[in-house]
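Data block below; observations after.
Chain IDs A, B and C follow the sequence of writing; residue 1 opens each chain.
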Amino acid sequence: MTARTPRRAAARLAAPAALVGAVALVGLFAFSSGPAQADTTTTTTGPTPTPYGVGSAQPGSVQQTPTAVTAVPSPTAAAAATSPANETGIHYTDLPASFIAPGQALFAANCSSCHGNDARGKTNVAPNLQGLGAGTVDFWVSTGRMPLASTSTQATRKPPRFNRIQTLEIAAWVQSLTPGEGTQVPVVRTSTADLEAGNTLFTLNCAACHTISGAGDALAEGAYAPSLHLATPTQVVEAIRSGPGNMPRFGAGNITNTEARDISAYVTEVLQHPNNSGGVGLGGIGPVGEGFVGLLIGVGILMLVCFWIGDRT
Amino acid sequence: MSDHTSGTGGPPATLDDPHLQPLAKNPKRMEALAALSMLVGMAGFVGFIVVYWVDASNEWEALTLGVGMLGLGVGVIAWGKYLMPQGPFVEERHDFHSTDDERSAFNAAVTGRGGLEVTRRKTLLGIFAVGGGLMTLALLIPGVRSLGPKPAKSEDNQGPTDVSLFTTNWKKGSKLVTVGGRPVQVDDLEVGGVLTVFPQGFEGSSPDQVILIRLAQLGPNDPPYPIAAPGRTEWGVQGYVAYSKLCTHLGCPVGLYQEKTQQLVCPCHQSIFDVNAGCIPQFGPAPRPLPQLPITVDPTGQMRANGSFDQAVGPGFWERP
Amino acid sequence: MIDKSLNWLDDRLGFAKGGRSFLDKIFPDHWSFMLGEIALYSFVVLLGTGVFLSFFYVPSAHEIVYHGSYVPLRGQHVSEAYGSTVGLSFDVRSGLLMRQAHHWAADIFLGAIAVHMARVFFTGAFRKPREFNWIVGVLMLILGILNGFLGYSLPDDLVSGTGIRIAYSITESVPVVGSYLAFFLFGGNFPGSGVIIPRFFIIHVLIIPAILVGLLAAHLGLLVKQKHTQFAGRGKTEKNVVGSPMFPTFIAKTTGFLFMSTGVIFLLGGFAQINAIWQFGQYEPYQISYAVQPDWYMGWLDGAARIMPSWEWVGWGHTIPLEVFLPAAVFPGLIFAILMAWPFIESVHTKDHEYHNLLDRPRDRPKRTAAGAAMLTLLFGVFFASSTDVMANFFQLPLMDVLWFFRFFVPLAPFVAYFLTYKICNEMREAEGIGKRKHALVVERSAEGEYTTTESPVRPGDEHVELDAIPVPTFIDTSDPELATAAGVRRVIR
């Protein structure tokens, strides 16, 4: 029986068209790439990420502007005053001594139940933090991974519980237990970074776990490499140097400070603002998303057209 | 395509024949809708020309071109479906295979005259058949053999890596360098560090790619890091181990190192190798461990290979013993 | 005027008789008969956009320094193939649109072949006399898959280059001749002497498309000669075809469909990013990305490779890597062999050597439908198995669990699918009034309390009288000017 009027045809097509439309919407939302929300505790001290690449803003492309940058007050000023300007773009700060006491209080109230009052950790509960350095602590706390949501799965990034000063206070106190040891808190200046070098370095060292687009993926033994879409340059360098969890540790003999700066610039300026000139990014995971769209939307819509043109038996 | 309808057809159909009527209840309105659709299509194409002229983004190009195509398409389909004679029409299927007489005549032509030659000129036919086969072979050979070099047949034929699946450029004393050519010193990696290295002079060469991992911070006088594979402890040095980065499954670079679990995971098909035990595959389709490269440190702190691989690297192949 | 021109042509070509029967050719109107046209028209788009791309793409592994608009690549050493593809994407007007439309068209082309093939299979349209057409179709599927793989490998980017490395390893896994084949094809040990990109190019652009066009001509020619099949129904027999005439109705609908297919492909090409190779970088054999899958139509092979246990056979000085050879060569070989031989498998099994021009409802052939469902379950299983890591990440499951799940699902689920489908088909066949529109029952209660049910009256506009089909009229009597209005005669009451 053939649909004798367009109204009839529309009625017949309504259900399958709604199905295709729903799949399309779900697919576009599930796979839409780009930063979901800006990290509100950004610690970038550099300028806003520069748009790069082709032409001016295009319809449909996403131009991200970061939220208000809360500049780190005294540590930077103090560091700038005490250490010479570093052409590599990274220099490591000593946190002010005034941070240590409040840091101890915060640690006692929030962290000592698992890590112990002296941060030595408890077997099978929490690791020993002594010797890891302020930068390591800063990474885990500023990404919200600590305090831990669940002990049975890998720690996930979530909105951090502490603000920037509090985070640094905790880090300062842990550092004070073993002065000079471990990863320091870096101050990263990405304005002079070499994006092309960052691209090459990222591809060789990072893409095998985090994927070439920084989307992250599942690893063995229940672990996973997280997405890099919310990382700040500081967090990138801290992760490179401290090797959190299953991530390898890249010391200065492996990835120099200049190279670490280039990688962090590449992550925050290119990966987090991907050039999606081609349209909707479909999640940045390549053919999986593309296959869904091509089959369900492409072939799906054309099958709907067949439904319209032709008869049912 | 011969259809056995009569040459001139039957009596003429009258215009009020129901089969010639359009499907639409209101043909005039439908025609207007189809025309509107096609006009939208026209606007789309004009829009595309404008968009192209001003070099707007591909979204605009696609929107205009797509609207143009869809507009035209919907209009033409509506015309065909709702406005053209609705039918239905029928045509007969006539046997398109030949009649028995035609078949026997055809078969006779093949077997009769052909059979005559087959019985009379058997030898000639045989010689031609063999000749034709040889001709085919001869013509195919350049298209296959000229394409590339022969692979080396065994480990004895140690040619350059271009023609040998058995050898790499790693020799005893080869300097470990990064892909950029920077020599690797024993202090370069921290515990849990990982680096892709090549023999000096062969940076970037696929069969030579090696992944260097530091499992422990050990000094030159410390006892060596124990590797749980017989005899392999001496193949590492000061907590370092080195393995071929070519996965033994399908040749992907095994670049994914999990520091806590000390496993190498191949990103392609998730084979998992135990770095502590000579990269024995623990899970996944990889059949063999990643070959280990024996390494050592020279007096200047430069890391060097202490020999070549003890087996062919990479995936399996027939000649691999 | 038109008469004169046509006569002039017929003097030279003699097409009038054949031409008329061609124009009168009848195409049945069922919607599922149009799925092959999706494939046909996406192929047309592939050819058109492909020609455009071939004017810009440089099939060479020769190294250059990238100087185009994409900043993170500037100064990098890349192959001309990669550089020209990035250049096409950013520095050629409408280049990115054409590139993406080409890639989307390829995905849709193979998807359409899959649904079209499923339709032909489940309705039994491959039976005598159409076995050849089925085989030609399977050949086109194989060549289409191969050409798609070659095509997306041309840009020499990190993701597709990994696929080429895997293809090399699969080639060398073939017993006895594998290393020779791999060395000949690539010009040596991987990555070879730089010849693989130009060779892929010429196969992708010339050799396979030429064969495909020939097969397509055979496919359509057989369709014209043998005429299309149709579902059983009023007035439809094994000896006729009922539907719309080629000219003008079918040509109008199919041309419109060509435009719509092109439109959908171009809309996708502009709004949905596909294969953003500038984000992947130039292929280097020591670099790799995680979450790398091949395009969807190769996914079934990737999934089979992932779940295969590590069974390598070593003996008498030789190695047969079964963990590669079985899933990547034997498995697809078996599947394609079964597909190609299916018309004969079925006719031998059913002992049915009759002509069939009427189609089956899938439920009327439970065994065939169940076998098809089992095959689809198997293929879907390995297809989804190629994205185990993405699924484990998305659903926050351990990777190993997902892999083990597929190791069991892939071999076992087809049996379950066969059994369930068989049962469902038989249930459907026994159900009363299946497939017909249900009418509401009106329940009335009499004063005494008795309930009666009657069917509701037919909705206005639902009732219609189907016309009996007539042969396409050769001549139309246009002598009554009143009848020959633009709107046509007012509709006959139905």
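In this text, a contact is a pair of C-beta atoms (placed from the backbone, for glycine too) under 8 Å apart; a residue touches a chain by one contact, two chains touch by 3 or more.
Treat the numbers as computed from the prediction; the structure is a model and nothing was measured.
Comparing mean CA positions across the assembly, the chain most remote from chain B is A. Comparing the chain pairs B-C and A-C, the larger number of C-beta pairs in contact belongs to B-C.
Chain centres here are Cα averages; for chain A and chain B they lie 32 Å apart. In terms of their C-alpha centroids, the spacing between chain B and chain C amounts to 18 Å.
Annotation: 38 Å between the Cα-based centres of chain A and chain C. Counting partner chains per residue, chain A shows two or more touched chains at residues 2, 4, 55, 60, 204, 207-209, 219-221, 277-279, 305, 308-309.
Under the contact definition stated at the top, the residues of chain C that touch 2 or more other chains are 29, 96, 100, 253, 256-257, 260, 264, 268, 270-271, 284, 286-292, 389, 399-400. Contact with two or more other chains is made by residues 25, 58-60, 62, 77-78, 81, 179, 196, 253, 255-256, 267, 270, 283 of chain B. Across the complex, chain C is touched by residues 1-2, 4, 52-55, 60, 153, 195-196, 198-200, 203-204, 207-213, 215-222, 224-225, 266, 270, 274-282, 284-288, 290-291, 293-295, 297-299, 301-303, 305-313 of chain A. Across the complex, chain A is touched by residues 29-35, 37-38, 69-76, 89-90, 96, 100, 104, 107-108, 111-112, 115, 158-159, 231, 233, 253, 256-257, 260-261, 264-265, 268, 270-276, 278-281, 284, 286-296, 299, 387, 389-390, 392-393, 396-400, 402, 435, 461, 464 of chain C.
The part of chain B that touches chain A in the complex is made up of residues 23-25, 30, 33, 56-60, 62, 77-78, 81-82, 179, 185, 187-196, 213, 253, 255-261, 263, 265, 267, 270, 272, 283.
Only residues 2, 4-6, 55, 58-61, 204, 207-209, 219-221, 223, 243, 245-251, 253-254, 277-279, 305, 308-309 of chain A touch chain B when the two sit together in their complex. Of all residues in chain B, only 1-3, 5, 7-10, 12-22, 25, 27-28, 31, 41, 52, 55, 58-63, 65-70, 72-81, 83-85, 87-93, 96-97, 144-145, 147-151, 161-165, 179, 196, 198, 204, 206-207, 209, 245, 249-253, 255-256, 267-271, 281, 283-288, 314-321 touch chain C in the complex they form.
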